[in-house]
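To keep things simple, chains are lettered A, B and C as they appear, and every chain counts its residues starting from 1.
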Amino acid sequence: MSKKIVSLFLAALMLIGCLPALADEAITVTDMHGREITLTEPATRIVAMQPSDCEILCAIGCEDALVGIGQYCDYPASITSLPVVHSGAETNVEEILALQPQVVLMNDMTQSEEQVKQLEENGVKVVVSSATDIEGVYYAIRMIGALMDKSEEAESVVADMQDTFADIQSKVTDEGKTVYFEVSPLQYGLWTAGKGTFMDELATICGLKNAFDDVNGWAEVSEEQVIARDPDYIVTITMYFGEGPLPVDEILGREGWQDMKAVKNAQVFNASDSNALSRPGPRLKDAAVELYNFIYGAEEEVEPAA
Amino acid sequence: MLQGDHITVRYGRQAVVNDISFRLEEGQWLMLAGPNGAGKSTLIEAIAQGVPYEGTIRWQGEDLRVMKPNQLARRIGVLSQRNAVGYAYTVEEVVGLGRYAYSSGFLSGRRGEDRDHVEQALEMTGLTGLRRASMLTLSGGEMQRAFLAQVFAQDPQVLILDEPANHLDLNYQQQIFSLIRDWLKQPGRAVLSVVHDLSLARRYGTHALLLDRGQCVASGAIGDVMTPEHLNGVYGMDVAAWLRELLSQWE
Amino acid sequence: MNDTRSLRQERFAPVTYALLTAALLATMALCVCVGSVPISLSDTVTAVWRALWGLPIPQNIAKNIILNVRLPRVLCVALSGASLSLCGAAMQGLLRNPLADGSTIGVSSGAALGAVIAMAAGFTLPGSSYGGVMISAMAFAFGALVLILSLAYALDRSLATNSIILIGVIFTMFISSIISLVVTFASEHTRSLNFWTLGSFSGVNYHQVKLLALALVACGGVVLRYSRELNAFAVGEDNARHVGVNVKRVKLVTLITISVLIGVCVSISGTVSFVGLVMPHIARMLVGPNHRRLLPASMFAGAIFLLLADLTARTLFSPIELSIGVVTSLVGAVAFVIIFSRTRKAR
């Protein structure tokens, strides 16, 4: 009898001892849609639908927690062997549930409310990550760090980015030079990155003015406007597939472009990785460094801060 | 002039025209007679090279199948039964198309002659005043006359007419038939036509071919073919008595 | 002697041609002078004038924009407009169907599919990297035409009813989904879906101007030579045969010619819809249905209309460019409804 009481008592004690411990470990984050998400413990099984979130997870050392990736996720190369799920408009709830994740990281634009509801009813936490500027990227990194209980690592990734940007900004002088970003080449219709894009922000960091900062987002612009605005630099993100002239040579050889400053001075540059320039992830700092080196030449080369 | 031998036209398995032969000589007006579904219009389509057929049709010994379309059109003019126009062509433009066969290739440039033929055809059919009218605004009878004028402008040696009096008022009916008979008086011409009205057929035809369900019932001179025995058998009624009864109302 | 002159009047008088040419040149001049970048009239005129006579041209921004961007574009647009409108007019006559056009019958989308497949598969001709795309576009355009016409014939031999349009529209939807499939899987090789479905003249050059001019002269010559035959077809295919038209040959040659012309147009500028549908209608209202007048009038009307549509597309929201199909469809659909209700009332 007394034994029973003692054991009950002990059990009660353990319960009391455990409760605050549980409460301590519970994680609450506010995602980028403004929803509060609470996890009882750091996530160990995650599906990331967007390439940028995969990159963030890997940057803070959580690659092992990834159990599934969206169809366009391709960096770092080591994650490409993971199971792939459809993303965007083709998102398939069953595919995600089959991977038994605790958390799904996705953008808020592309999934329907019904799909989010379905996932949550099946015990999967949906966390929205939708950075549209560099501040947003910092928020996403910290948010994902908190989810994974890797806040320290997240802070250091953020600090690394901030240091790199600050380093570049301290070296550049604003001479009012302009840059034109070419997202798709002439034969497909000229698309550029205007205001509110990462390319626009990176240009500002490098002391440049985006030649099309009067345009919002990505837009098709007229060829004569590009010629008339006569930018000092041209950055193309066209990928080269081994046919025809190299993207830079193609631009240098365009009819009617030969008198532009950027073409005359051969200041045309093909970004080595278009994804680094456009994904809201840690590699934005690499893109900034690449852009800086292109503009100010190799002699003043900056190294990434870490 | 025109000779058809063992013509058979099939739609699917069914022979709509079954082993029909005919001869059309200069000065003759051959009437194709018979009830609905006898194969009259189909036979005309075959002669106009509009449907595939077995057997041969020859123009003065020459197979029509190997003739070029414009050569054929200069010899044989066809007025078909269904003629609707989709666009607002003028009467004159439609009649002028009748000269197409003469304008292509080396024979082009005979504009004066073309014009005369068109004028004549318009006059014959009483359409001179309507030459600028849109085809879309014409009555059924005017439309029929316009297409008849087109065939006249085509200046063929044989006219093939599917129901030429269709949509026509009684006065035009008489006029058109007299017109065709006058046209036929010129040497080197012949007419082959489908006429539903047996009285008209009897009145104007010189020869007849009586068809029933694709088969030839009788052929030869009009008086030998359009006999009460033949007609009563084909139409399943006393034809002459019925026509007489209709006429008696006027007495 | 009014009546004896009437047959000769089938053709336009030289004065009418002069007027139409003047209207076209005026529109072209307007389109060269106006753009998203303002350039003074005197600079524009100097650049074009000196280029015409092979004189040295002062190196300035006007020269680059006018001679290398605007002029080739204006020429391409005018040639495409004339070509598409000519094809529409010819098809409407040949099939005796006023709703027929490259975009309604599915020929344009067939051509686009051919071009997309050739691009995705990297199909090229020796000597010309773009030749393979064009040949493939032409072949697919013709294939689409034959397929749709035989389907329509099976359903309704007269072709005059709307069943052919219905088949064309369904076929276009079907082909569009295949195009988007190919574009999705080979996006790095082909142009964007937007280009193929709405069209664009952005970035065209003199090479493409030459190709279009060559195609229009060759194909336009064939179609114009068939003016009388098309008249006969427009009155009725049976009637055409009765007056001595070689129905099979005319139909085959016309359809091949249309396919070639549409193939060239689509591979250069994507599918620009409604030009070939609406412009022949307007031309017919002005000059009547006789193809001797209708075909040239349609070409002029198509060129002028497309020039103005492109001008709108590139200046309305400057510096952003609209797809030209957005403009032609907007204007064309409204114009079509008006024309349709008018012709209904007129009857």
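Assume a contact is a pair of C-beta atoms (placed from the backbone, for glycine too) under 8 Å apart; a residue touches a chain by one contact, two chains touch by 3 or more.
Here the structure is a predicted model, which is why all the values come from computation and not from measurement.
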| item | value |
| --- | --- |
| Chain nearest the global centroid, as defined over all protein CA atoms shown | C |
| Furthest chain, CA centroid comparison against chain B | A |
| Chain centre separation in whole Å, for chain C relative to chain B (CA means) | 42 |
| Cα-centroid distance, chain A relative to chain B, in whole angstrom | 81 |
| Chain centre separation (chain A, chain C; CA means) in Å | 44 |
| Residues of chain C touching chain B in the complex | 3-4, 6-8, 10, 96-98, 160, 228-229, 231-232, 234-236, 238-239, 241-247, 284, 288-290, 347 |
| Of chain B, residues touching chain C in the complex | 48-50, 68-74, 77-80, 82-90, 92-94, 96-98, 100-101, 103-104, 111, 114-115, 118-119, 131, 135-136, 147, 150-151, 154 |
| Interfacial residue positions of chain A with respect to chain C in the complex | 184, 186-190, 212, 214-215, 219-225, 227-228, 230, 239, 241, 243-244, 255-259 |
| Interfacial residue positions of chain C with respect to chain A in the complex | 35-37, 59-61, 64-65, 67-70, 122, 129, 188-189, 191-192, 194-195, 200, 202-203, 205-206, 314, 318-321, 323 |
